[in-house]
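In the two assemblies presented below, subunit A is common to both, partnered first by subunit B and then by subunit C.
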Partner chain A sequence: MALSVLELKNVTVRFNQVGAKGTSTDQEILKDLSLTIVKGERVAIVGPSGLGKSTLLKTLAGLIRPTVGTLWVEGQNFYNLSSSQQQRLLVKMGMLFQRNALFDSMKNGENVRFPLKETTHKSAIEIEAIVDQFLAAVGLLHAKDLYPDEISGGMQKRLGIARAMALEPEILFYDDPTAGLDPITSRKIIELMINLQKQKQSTLVVVTNDMNRAFQVADRIFFVFKKDILSTGSPEETRKCADPRVQQFIHGRPEGPLTEVSA
Partner chain B sequence: MIKGYAVLDFVGKSVMDSYQGVTQFIQLVVDSLAEGFRPPLRIRETVQQLYFIAVQSLPIILFCVCFAAMVTILESSFHMKLVIQNDSMVPGFAAMLILRELGAVVTALLVTSRVGAGIAAEVGTMKITEQIDALRMLGIRPIHYIVVPRLIASVIGLAILTIIANLVCLFVAFLVSEIYLGFTSGLFITGLVRFIHFQDLVFSIIKGACFGFVIPLVSCHFGFLCASGAEGVGLATTRSVVASSVIIIILDFVLSFVFSFFS
Partner chain C sequence: MNSLVILNSVIDEIGSALLFFVNILKTLMRRPCSRDELFQQIWKVTMQSLVTTGLAGFFVGAIMAVQFTLQMREFGALGYLGGLATSATVREVGPLLIAFMLAGKVGAFTSAELGTMRVTEQLDAIRCLGADPLQEIILPRFLAIICASFFLLGLGLVMSIGGGILLGGLLAQVSVEEYLRHIPAIVTLSSIANGLVKCFIFAVILATVCTYKGYTTTGGAKGVGLAVVNTAVSTMVGIVVADWLTSFIADVAIRAFVGSPF
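This part shows the complex of A and B:
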């Protein structure tokens, strides 16, 4: 039986969102949601924009604490652990953020070097070799001494992937890795992610709106809608799913049950 | 009646938000103190912050406290002449006012507007660009990396700045009293020795260090709570400066009251 690395049990996430003017509103993003991800699996989370995909990803990564329910990482209840135990589990995870979250005050090389210096006991020479190896893997060795705002959006994505991969995490989260990229670069980035995943035998969780990329990357697809998961299955099962909402999303039809609900 | 409920709702929400804000701030203070004793020592970051907080603030502080000292001694002379028709005690009185209040408070308020605003904007931007989440996912404790170096640098920096500001204030007061008010240097020093003691300087340094403790914590607190967008960063900055200034003035009263038992 495959080992479960990530598990959400009956999770509800509610936010008390404070607006820029200081007004606060309560918003329920996920409700009584459960899912399990097994070791080495490649999972895509898809669904209409603004309905909780990124929140689900951050909840899985331990960045958002569920209002109700539990997160289990490698069979341990994450929020019952001490902060140092949580820290040890977080080091096993890597994340590419939606807007890359690169450290803009550091050069590209330093972005990759910094977490290695902070969390490993490797020598400076070993760290430099790793930095060069991962920058070369994403085709950014030539941009090592530039700042993140001096490179293009696609290069920033690749730098984010290199930074997330450099610590050789066992679980990798990608939040919309192909957003705003042209189809060729998108395909290249997905291929890069899959190659790196195969090399390290890591677990991959990807949030995307692009169904082609979801079919390309995933062993299993979660369709998030109305605070819950609507369907899970292999790309083939998802393609054949009878639910009209899933079909509308796959084919990108402007008319259908999804748009009726959001209207 | 509906208007009454709306007012009650507004008051209730405001009280709850304030309570939540205070508990979050206390949690940040406790976490920062705990993280301050945990390795690794961030000497490079602390020295960088010390340079930003103390060295780069020095010119503006010296410029402003010179004028504050001039106003203090001129006003003291004017009022003493008005009330007791004799301003012979002005040097001692002005020196006491400078050491007990002016040097530390003016320095702290200037550092708040310069450094506190900068810290709140920096941390707020890191929050909304997900850099703080990125730190966590890379196994780096955000409070240890962001708050602790600023806290240590601010406490040391404000203590040093307070000493320098006091000495410069006294020197300017001496110049004004000699050039404009006609006191000889002997008279000025006699007044100084009669009215002020070494403990006044010690109390002033303690005040400076306490203000230095407050500024980065309040700024980081509002930075961590920053709402998204440029407006959110602006609001976090404004709030941090207002809150720091108010806390400094209240803390000044509390410390002056406590020190009065030792004078």
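This part shows the complex of A and C:
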């Protein structure tokens, strides 16, 4: 039986929102959701915008604490661990954020150097060699001494991937890695992600709105609908899935059961 | 009802800021921050406020000299001008002035910087890369504001003496020697201690508020703007309240243990 690396058990996520008159209300984003991801698996999380895909990803990455329910990482209840034990697990994870979250006050090379300097005991020469290796892998070695805002959107994505990969994490989270990119660059980015994943045998969790990219990257696809999640299986099984919401999303039809939800 | 909601949210904010302060202290106890980063931040904070603090110090000294001249000429006690103006600056005006200057420049800058890092997910990214944002980002800024406050207080006081000497000479024809003569007698150790304690407390309030507001920013550019405004307002109010409290406590303590506050 495959080893589960990430598991959400009966997770509910609510955010407290303060209204204009100072009154606060709870907004429920995910409700009683359970999900298991096994080692080495490539998972795509898809679904209409604004229904909780990024929240789900951040919950899996330990960035958002569930209001109810538990997150299990490598068989350990994440929020029962001490902060140093949590840090040790977080080092095994890497994340590419939706808007890259690059450190804009640091040069591109320093962005990749940061996690190595902070969390390893490697020498400066070793760190520099790793930085060069990952920048070269994403084709950005020439831009090492530039700042993130001096490179294009596609290059920023690649830099984000290099930084997320620098610690050679066992679990990689990608939040909308192809958002705002042209189809050719998108395909190249996905190919890069898959190649790096195959080299390191890591687990990949990708959030995307682009079904073509989801089919390209995933072994298993999950749909996030209103507060809930639906596993549709492999790309082939997903294409044949009878659920009208899945079919509407795959074919991008303006009319259907989802329109009411996402409107 | 509305005022109850506001009161509730104010108490909630104060409680959250205090918990944040405790977390910073816990982080400090667990592992100190990088020395390089700390020195870099102290340098940045000091340089950001050097000119404004120096200028403000100079003019405060000048204002104090003018005010005391008007009062003391009546009593023929202009010889004490330097001592009294410096004592007032050391005990009260200096720390307050430094705190307000830092709140306007460094407090606003820090909360905007941290707020932007929060809304662009840079703080989340630090955590995701296995580092602790409190350790790497908050702690150096927090400590730097406190350390820089003392440097800037020293500079402000020196400049205020300069301003006092200039105006004392122009308005009251008090020579430099005469201006400085009574400073050691009037500016006692308790005055200096009082000024240093106030400077420390104001700096802790400022450092806590601006890092807390920046760290907990939500909602994009508007959220960052709100964080900056809230930092300015909360810091000013916090400093004034703390000034009253420390003056009151210091007065009681000095009377109890030393005698006269001078």
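FYI, the second predicted complex is superposed on the first by the 251 of 263 C-alpha atoms of A that agree within 3 Å, B and C clash if a C-alpha of one lies under 4 Å from a C-alpha of the other, contacts with A are read in each partner's own complex, and residues count from 1 in each chain.
Definition applied: a residue touches a chain if its C-beta (ideal position, glycine included) is under 8 Å from a C-beta of that chain, and two chains touch if they have at least 3 such contacts.
Since the structure is predicted, the reported quantities are computational estimates derived from the model, not experimental observations.
**Student:** Is the arrangement of subunit B and subunit C around the shared subunit A a clash or a fit after superposition?
**Tutor:** Here subunit B and subunit C cannot both sit on subunit A without a clash.
**Student:** Just to be sure I read the superposition right, which of the two partners does A:251 touch: subunit B = first, subunit C = second, or both, or neither?
**Tutor:** neither
**Student:** Scan A:167 for contacts with subunit B and subunit C and give back first, second, both or neither.
**Tutor:** Once the two structures are laid over each other on A, A:167 reaches both partners.
**Student:** In the superposed arrangement, which partner chain does A:97 touch: subunit B (first), subunit C (second), both, or neither?
**Tutor:** Once the two structures are laid over each other on A, A:97 reaches both partners.
**Student:** A:119 contacts which: subunit B (first), subunit C (second), both, neither?
**Tutor:** Both partners.
**Student:** Using the superposition on A, tell me which residues of subunit A are in contact with subunit B and, in the other complex, with subunit C.
**Tutor:** Of subunit A, residues 18, 21-22, 58, 61, 63, 83, 87, 90-91, 93-95, 97-99, 101-104, 114-115, 118-119, 163-164, 167, 173 contact subunit B in one complex and subunit C in the other.
**Student:** Quick check: in the complex, which residue numbers of subunit C touch subunit A?
**Tutor:** Those in contact with subunit A are residues 2, 5-6, 9, 120-122, 124-132, 136.
**Student:** Which residues of subunit A touch subunit B once you look at their complex with the stated criterion?
**Tutor:** Going through subunit A, the ones touching subunit B are 18-22, 24, 58, 61, 63, 83, 87, 90-91, 93-95, 97-99, 101-104, 114-115, 118-119, 163-164, 167, 173.
**Student:** Once bound in the complex, which stretches of subunit A touch subunit C?
**Tutor:** Subunit A reaches subunit C through residues 18, 21-23, 58, 61, 63, 83, 87-88, 90-91, 93-95, 97-99, 101-104, 114-115, 118-119, 163-164, 166-167, 173.
**Student:** Please give the residue numbers of subunit B that touch subunit A in the complex, ascending.
**Tutor:** Residues in contact with subunit A: 13, 17, 129-131, 133-134, 136-141, 145, 225, 227-229, 231-232, 235.
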